[in-house]
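These are the structures in question, set out in turn.
Next, two complexes with subunit A in common: one pairs it with subunit B, the other with subunit C.
Up next, the complex of A and B:
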């Protein structure tokens, strides 16, 4: 009985798939964290996705192999949970017959969803997932062929920040203080240290603390004793103010560099004038003067009444990558699109120029460096390693 | 040389704050044999009162300190009246579990009102003096001096005043004291008020030295101060002061001599070893059960 039902259902689905093609529509799936503990991430993703698709459809659709297709968006909720992300991917592939999936954003959902996409041979681009396991199969250690991401990874960020410190800020010595309880921050600190030393720099202090500590006087005294030209603080935005204040109180006046963990506007209120002049890395800067970014920010504001955040910008770029790949694919099929994404070079996205290399789902792109100036996050530079 | 003296100053600042908080644990334990696990959260209340008095009402430092200390003392008395007094005849375990519950309650109440970390503005002008590479900030000096002053005042109250005598008598024999015409409830309320008031004062000093506060700040500090009280000999006031400075010193030295990752690990290992040899703490007396 169940089997007959399933058979009937799949027949209906097959026919639905056929009619969709007759409508000249390409189905694209989105998996976003619409409910659960990070609903703000899901909302930004959904907004940017709808905006990206609307722009293309309003222009009459997308040209693939000499034929115009409209994009049909199918948005699924992952609720920020791994199993729901996996079943959403399953549903989009088997039921909605999507040719590509954008999302999930959180690594916890992106990893299981990416495995399903890989098995089903449907391209998946995660806008925001920074965990290596999203694009690499942890069992074999090989790159997944159908899985991509629009953001850079933590290791990449550590490398770029080290390069920025050495080439832009012209420092030869640096000290690091990081939260040892966070895997992400520990990774950033260690990669920064390795890259900094590789390029001839010296790390004068490599200090740690655990989440919840507020007294950094001992570490700062040790750091001061090493007399570095820069302090690197890959720490969360709520710890940054105390660290910078205590450093300044000890008379450490050298520049301070942070990572994307700083990227909350609450930092400005907590830090006051102490963080003035500090640099940190980010995925996206809403006040960049690049024409593409300005148009994106203005359009987003006009549609949703708020400034787009990292996730919105990365989602928008994920769609940009997908559309670019479709145009060059020649045929609207999953296999062709996958091959086409792998050949994307110098795609001008709102989060920087993106290039994919054959056999890797991790983009080569620039890191946005922001500076805290006049009590605001201001665009400072786009840096490539 | 400057490096060593700098670390000694850091040690003194941290130890002072631990000592003042540890006093709150030890006083309550001294009179009631109750471990007030909510004390760390009273400390957090003190820091938030300090935030309100500074950032919203713009009061001068002395008034801020008074507001935080008295406000926290009132909260401490209320906790005693509402949560601990009804359980005074109940087994000690029930009272301790109540104390844990009160701590979680206070944290979540603060979370419900204001979950975000807050920045506390400067209360005194932050001046740094430089002596051959040793940086001494006005804040560190004030924290250390204020702590010493508070501890001296407490020592005087407990040893030289009538109320202090009543507290000591209470810890000695809670059953006989009422026969001498002393109100047990009043003395216990006073003990809680002083203990919590010290927590509030410590919260202010902490917010001054480390000016980002959040509802969870009392947990770790509370545990550490509790351990300081145990190391010094819980129930013994001078022991709590000593324990605070010992913990501050051990933590700082561990971080100076070894990578800072091992800081808490080394500090607590040493303290555990110390407790194996002196289970009642350094100044504690073994309690014999009186029949």
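Up next, the complex of A and C:
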């Protein structure tokens, strides 16, 4: 009884949400974490999505197979929950008839949403999901065909950072201190260690702590005893200042290298002079001098009054990839767009040059290395492994 | 216009509720419909997905309602049990079994069993804690489960676990939902279910009526967690991906919202809460960010205007058991009540030796000795604070004495728990009435029969023959007879809270009698009564003694009551027994008069009497 009542009720309620399909519009869905525990991520994603679509529509739409289409954006909230991300994806596909989905950003939502997109054969690009499982079909172990991401993965980042330390900073020994409670950071630390050793380096210390620790005396003593040429700190930006300050107090003066977990402007205020000269990897650098990035940052600032962050840049690039694929697809269909994304080569995005290879949803792209210099994040290099 | 529409709706609901056979029709049609609909793709996949969420959420809400609504505890970590079920079922379906049609139901059920095992771990601290503390225990459990899962690489750690087939379908969800509703409804409307309710209403009174609160809590936690685990298994095989983060405090909070939205202590409420919450979350999507503002706002408003939720403590008639009207061959209650032993006057029923109890440094009872033969009424008197109620609390097991021993009917009961002492044949009433206010008068008496049934929780949930025979004949007849014996029959279905004061006192005695005691402790039964009521009570107590062949100990301040009723009287003053004997001996005891009137009072008293 309940079920039948419910079905009736939900049908009635949801009819209101249906949108009429117009001939000259292409529907694109966005799933963002607008509410829940990471609303800042959702907000950046939504801003960048709206900006990307506005730019295209203001220019008269997008040319697909000789016809101009306007992009119609449908943004859904996932509340940072797996089940809501899944229902949002299902709604976008069945009700709003979108031909592609951008998002969700958090892997916990991106994985179930990508299952639905894959089954429905609708391309999905997650801007920010770094979990390797997002693009992999767990049952076959192969890559999903319709699921892509705009960011690089943690393993990739760890490898690139090891290469950067050895080839650019010319160090042969390094010590690592990381937050063992975070899978992301643990992954970065482990991959860094493996790659560093593979290329002939030595890891003199591999120390851990848990989120919330404020005293690193024990770890620093051990690191100091190993006498490394570099310390790698894949730790969250809020922990970095204490660690760097305590390292300096112990007389560890060697260069410091961090990962994308450093990427918050709060770090500059908290760390002050101690972090001067440190390097870290990032998806995106807002003060890059590349014309594309500059235009993106200026436009974003003009629209929203703030500097775009990683998620905004990656979302913007996800749309860039999608639009690029649409132009080459010849027909505004999901299947054509999927095939077209797979052929994208050297797309010049604001987060670097992106290339997809047939049969993989993970991009081949460069990692941005930033340096803290004169109290600012400054672009240092783009590194490809 | 709207008024007439509402009345016709209400009439329709009434007509629907009266036709019980419709339950089977609706369930059957529902099941067939879900099969047809999902096989032929008749409905939109999005609606189908939401419908499956609704089913899973109904199971979750029911499961939590059992602990929070029916038992009145406050569990805030239910997602922990859901996680255990989800991971358990997923491991079985992905890593242990390869394929087969039976895999899915088996995996989901095993997930439920694992969650139930986890519940045993949580139930044990809950024996000691209530309220806020239990909330903290369950909260910690939720966090522990999450952290443990994050550190097990076998199930993917924090990156989550995938590889499940999409085995959760609409018919499966429907079937599991129906099973959950049926089983939890059967559990609640059974002996153990009444035990659960008595814990919510008044745990102390429940234990005094023989309810084994530990056993009841354990059962309720296990059943509740089993279904939370089932919901987890269904969830995992619907989304095909689970991560520890999915089962965090926010998930637990969602379940709490559904329970309190729909209504505590109600199956209809759980269903309504789950349906409304799940459908609104999806239907309000067009509001964007505001969606998550509207939901809590609705809840706040609801809590202000309907604090127990939409169906709080109310139930749709379909879910209630039918009250049998048929009479069976009468077994006189008075005969069954004291069937265990026929009391003989010269056997010592209660032997108390050197009983002493301290509250911190205060000696509430000091070296109290008593030899009480079977039969008869004994009075305990003494000024306020003289240790009378402390004595009762020691006998009935609420306090552990600092020294001394209590032997009842040749059983040492000094260190037993209240329900164990009750099971041996000691029942009591309370100074300030402790009825189960939100239960019917008949159910109050039924709780008293907790130890008189011979079926277990499984019999109740499956409604076996044993259950039907015991519940339909023994329990119902006994309750009916007790109520009619004490002229409470016409109040049978009323809430105990609505009874007038005198009847509440009477009901408390009837409830105590339902536990079939040999010794009945009455703590100030005439408190707050006028002389006429006191007289009626005296008659009642005498009747109880004669018809039930009980031994009675009574604390009272009404001297006429004590003197007119008791064969023996003990007098306490500042925790010390200062006199014992027949009413006449006590009346003329110098120490007693002094204790009651003070030494100056004694002079006046003597002057008046001219001695």
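The definition used in the following text is that the second predicted complex is superposed on the first by the 362 of 385 C-alpha atoms of A that agree within 3 Å, B and C clash if a C-alpha of one lies under 4 Å from a C-alpha of the other, contacts with A are read in each partner's own complex, and residues count from 1 in each chain.
Methods note: a contact is a pair of C-beta atoms (placed from the backbone, for glycine too) under 8 Å apart; a residue touches a chain by one contact, two chains touch by 3 or more.
Every value quoted in this text rests on a predicted model; they were computed, and no experiment measured them.
Enquirer: Would you sort A:209 into first (subunit B), second (subunit C), both or neither based on which partner it touches?
Expert: So A:209 only meets subunit B here.
Enquirer: Looking at the overlay, does A:169 come into contact with subunit B only (first), subunit C only (second), both, or neither?
Expert: A:169: touches no partner chain.
Enquirer: Going by the contact rule set out at the top, does A:70 touch subunit B (first), subunit C (second), both, or neither?
Expert: A:70 contacts neither subunit B nor subunit C.
Enquirer: Once the structures are superposed on A, label A:217 by its partner contacts, choosing first (subunit B), second (subunit C), both or neither.
Expert: Only subunit B; A:217 stays clear of subunit C.
Enquirer: Quick one: name whichever of subunit B and subunit C touches more residues of subunit A.
Expert: Ranking subunit B and subunit C by residues of subunit A touched puts C first.
Enquirer: Go through the superposed model and pick first if A:79 touches only subunit B, second if only subunit C, both, or neither.
Expert: In the superposed model, A:79 contacts subunit C only, not subunit B.
Enquirer: Classify the contacts of A:25 with the two partner chains as first (subunit B alone), second (subunit C alone), both, or neither.
Expert: Touch status of A:25: no partner.
Enquirer: If you stack the two complexes on chain A, which partner ends up touching A:383: first (subunit B), second (subunit C), both, or neither?
Expert: neither
Enquirer: Using the touch rule from the top, collect the residues of subunit A that touch subunit C in their complex.
Expert: Going through subunit A, the ones touching subunit C are 1-7, 9-11, 13-14, 16-17, 34-37, 39, 75-77, 79, 81-84, 86-88, 90-91, 93-95, 107-108, 111-112, 115, 131-133, 138-139, 181-183.
Enquirer: Residue numbers of subunit A touching subunit B in their complex, please.
Expert: Touching subunit B from subunit A are residues 180, 206-210, 212-215, 217-219, 221-222, 224-225, 238-239, 241-242, 245-246, 249-251, 266, 269-272.
Enquirer: Quick check on the complex: what are the subunit B residues that touch subunit A?
Expert: Subunit B residues touching subunit A: 3, 6-7, 10, 13-14, 116-119, 121, 126, 128, 130, 135, 137, 139, 206, 209-212, 214, 216-217, 219-220, 251-252, 255-256, 259-261, 263-264.
Enquirer: In their shared complex, at which residues does subunit C touch subunit A?
Expert: Subunit C residues touching subunit A: 26-27, 29-30, 33-34, 43-47, 49-51, 53-55, 58, 150, 156-160, 162-163, 165-166, 174, 177, 235, 239-243, 245-246, 250-251, 271, 275, 279, 281-283, 285-286, 288-289, 291-292.
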